[in-house]
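Chain naming follows the written order as A, B, C, D, E, F, G, H, I and J, and within any one chain the residues start at number 1.
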Amino acid sequence: MLFAVQMTVNIPHDLDPEVRADTVAREKAYAQELQRDGTWKHLWRIAGTYSNLSVFEVADGDALNDVIWGLPLFPYMDIEVTALARHPSAI
Amino acid sequence: MLFAVQMTVNIPHDLDPEVRADTVAREKAYAQELQRDGTWKHLWRIAGTYSNLSVFEVADGDALNDVIWGLPLFPYMDIEVTALARHPSAI
Amino acid sequence: MLFAVQMTVNIPHDLDPEVRADTVAREKAYAQELQRDGTWKHLWRIAGTYSNLSVFEVADGDALNDVIWGLPLFPYMDIEVTALARHPSAI
Amino acid sequence: MLFAVQMTVNIPHDLDPEVRADTVAREKAYAQELQRDGTWKHLWRIAGTYSNLSVFEVADGDALNDVIWGLPLFPYMDIEVTALARHPSAI
Amino acid sequence: MLFAVQMTVNIPHDLDPEVRADTVAREKAYAQELQRDGTWKHLWRIAGTYSNLSVFEVADGDALNDVIWGLPLFPYMDIEVTALARHPSAI
Amino acid sequence: MLFAVQMTVNIPHDLDPEVRADTVAREKAYAQELQRDGTWKHLWRIAGTYSNLSVFEVADGDALNDVIWGLPLFPYMDIEVTALARHPSAI
Amino acid sequence: MLFAVQMTVNIPHDLDPEVRADTVAREKAYAQELQRDGTWKHLWRIAGTYSNLSVFEVADGDALNDVIWGLPLFPYMDIEVTALARHPSAI
Amino acid sequence: MLFAVQMTVNIPHDLDPEVRADTVAREKAYAQELQRDGTWKHLWRIAGTYSNLSVFEVADGDALNDVIWGLPLFPYMDIEVTALARHPSAI
Amino acid sequence: MLFAVQMTVNIPHDLDPEVRADTVAREKAYAQELQRDGTWKHLWRIAGTYSNLSVFEVADGDALNDVIWGLPLFPYMDIEVTALARHPSAI
Amino acid sequence: MLFAVQMTVNIPHDLDPEVRADTVAREKAYAQELQRDGTWKHLWRIAGTYSNLSVFEVADGDALNDVIWGLPLFPYMDIEVTALARHPSAI
């Protein structure tokens, strides 16, 4: 099943710079691993913002929940989840 | 997989009374059939409004979409879908 | 009487880690105790977020208030309460 | 149990004037009957608008739902329901 | 004249605990004094939240302003004021 | 006592043109009469919109309610009322 | 360049049924043609609603505007456009 | 002085087609005349919508109001006005 | 030209008390000076809140911007600016 | 391609004053350089606020994203991006 997920990152300005750099690096590695295994099907930057629009292919809500809670930047994110379905006009 | 769905009904005041009565009756029959087959697990009235909070158990987004588009009152509804997952504290 | 309650948790990033761990643990114990005694009837994770959708069965608003104010994580929560009623199509 | 209910009336401008007058009259009678029997404890006009703020004392959500659905103007109302509880500082 | 006032309290988590306890205590005393003198006519807890719905009877906006600015918790409150009037259906 | 009132006019496009012209004319006469007697203290057009920002001086909420409900265009208005008080820095 | 576009369809209930059927059919044909030529890269139904989430690959804003204004259902749509960019973690 | 104005057009679907075509044509002529005389300095389509973002150079609020109320499509528009000033970093 | 400006003050609770007192005092002096010279034509407290509704008479947007940015409390304010025009019914 | 971008700056009150001054200075230099090279076509202050309305001419979303992420004040900004297109009435 597909979910569209919009993630907006708000890292507090007073977060320890090393914690920040490490978290951002782990986030990138995590995202790339999930793209390689096909879970994270699309990852686009929303132009001009610290947000992304992503599409995940997972078994169900539990699986999506595990993936999102696994994001290193999760504690600093506002997240909107939209369940998707096949569109009758899609070819 | 579970989805919480909030449905708010706005039937236009100038809809033909017979069309209205028939649609509402078909809606009830449809809802009761889906409750009997376990798809529509919970159906609560949001007190004092023409809205309900429901929980559906379906295979995925496609299945949910078919169920909701099948509602006779669908054309007169504002609908919010929330994907659910197992809560780590749920027993 | 039934209430649907949506709880969104925002734990400040600079909260003492021990206070945080202890509070989260007490929250889980509290939630499981109330599920066992039938007060907390449903507890679902809103997939991909630090929110839950719950349904409580309590005597009235006072009882609900006591239950929610008793949540260890209450000080860090945004809470929406929706009063429910029996739906005419519910079987 | 107490509920605060805010009701905003939007009567379509093209509603038959007789239907409108009759509905408004029945609404007044209904409201006054419920005030006399103690269900409708407070009824205030929100100054300068076609809205009211009311407080109902009813057994539970089901009872509130029956009262509100019984309002002749219900089909033309936007309704917000707020469950109330006893305040620890109330004397 | 009557005003409905909804107050939502957001006490910063890092406020000195003694300052917090003292402020909350002064708030309770202030609220009870104003209830005794008839200014604070209704004080309800909005069930499950750190908000209240209150109704004040005061001479005018200046008087209301003085009462609300006098609340010890005022600096930590989001406040919505609604001017009320007599409803034509009120008995 | 002073109230700021923002009024947005939404006249349905299919309203009988004569009814419209008559209502708008009666609205102007009503507004000018209330300005002459000091009730309607300020009347500004919100530039580029069919809205106005007004300030009324009336005894209380009841008086404001009567004035606003007396507006010929009232049925076609969205209205926001803000109770005002004397500002400590006002000279 | 990529744009994410969310389209919500609100077909008036009193639209001539033939006009409706014809418009919906032309919409499907238009969508499938643009998918075939690579302009309409993704078309997902937002589960349980009459909305879709789409991704378009077009030269620029002018091109996107022409595509969207060409939708037969355009007059009945609420549309949100989000400009996308390459994400630094995308593989 | 400069004003940014966002205009969203919502022409009712049941408006007489001839009235619609004539109004849209007069709107275009009006817009082009004001661009030629320098009042309407910028006129951009918000890509994929029936909205525009415009910048007007006028003497003051009264002048802006006259210009906007003169728009043939004004009765069918939602309008947001933003007053602009010289930015300290503008060259 | 006239502008209506709504200012909501949010002074951080951990601001140095002396800085706070000094800033508030300078704010009052600044406001009174501008009232005396006719720039700040109206200053009303929004009853029960730390907000004010003001009306300024200035040459244009640049002048308004200078006045508002000159407010000592400006860094702690949420500000909404509304451009005003002469109302056709104003006497 | 053109993008309209609204930027609202929220610099934390407890940011080191030197960091603040340096960042604001670098922001000004960055903005002026991009105006000189034609990327930043318009930069207006939204009167009375710490926001600006800007128009950028860039190749596409990627280019816009690089420009905006390059803003020294970016970490302290709320940003809204609107894709623009040529308006059919523009001369």
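As a working rule, contacts are C-beta pairs under 8 Å (C-beta built on N, C-alpha and C of every residue); 3 or more make two chains touch, one makes a residue touch a chain.
Note that this is a predicted model, so its numbers are computed, not measured.
Asker: Mind listing the chains that sit against subunit D and also against subunit H?
Answerer: The shared contacts of subunit D and subunit H, listed by label, come to F.
Asker: Using mean Cα positions as chain centres, tell me which chain lies farthest from subunit I.
Answerer: B
Asker: Looking only at C-beta pairs that count as contacts, which pair of chains has more of them, G-J or A-G?
Answerer: A-G
Asker: Measuring from the mean C-alpha position of subunit C to the mean C-alpha position of subunit F, what distance in angstrom results?
Answerer: 44
Asker: Please tell me the distance, in whole Å, between the geometric centres of subunit D and subunit F computed from their C-alpha atoms.
Answerer: Here the centre of subunit F sits 26 Å away from the centre of subunit D.
Asker: On subunit D, where are the residues touching two or more other chains?
Answerer: 2-3, 14, 45-48, 61-62, 64-65, 81-86
Asker: Following the definition at the start, I'd like every touching pair of chains, please.
Answerer: Inter-chain contacts occur between A-B, A-C, A-G, A-J, B-C, B-D, B-G, C-D, C-E, D-E, D-F, E-F, E-I, F-H, F-I, G-H, G-J, H-I, H-J, I-J.
Asker: Name, in rising order, each residue of subunit G that touches subunit J in their complex.
Answerer: Residue list for subunit G touching subunit J: 1-3, 60-62, 64-65, 81-86.
Asker: Show me the residue ranges of subunit E that touch subunit C in the complex, using the header's touch definition.
Answerer: 11, 13-14, 45-49
Asker: In their complex, what parts of subunit C are in touch with subunit E?
Answerer: Per the touch definition, subunit C meets subunit E at residues 3, 5, 12, 14-15, 61-62, 64-65, 67-69, 75-76, 79, 81.
Asker: Please give the residue numbers of subunit H that touch subunit J in the complex, ascending.
Answerer: Contacts found on subunit H: 2, 4, 27-28, 31-32, 35-36, 42-48, 52-53, 55, 82-91.
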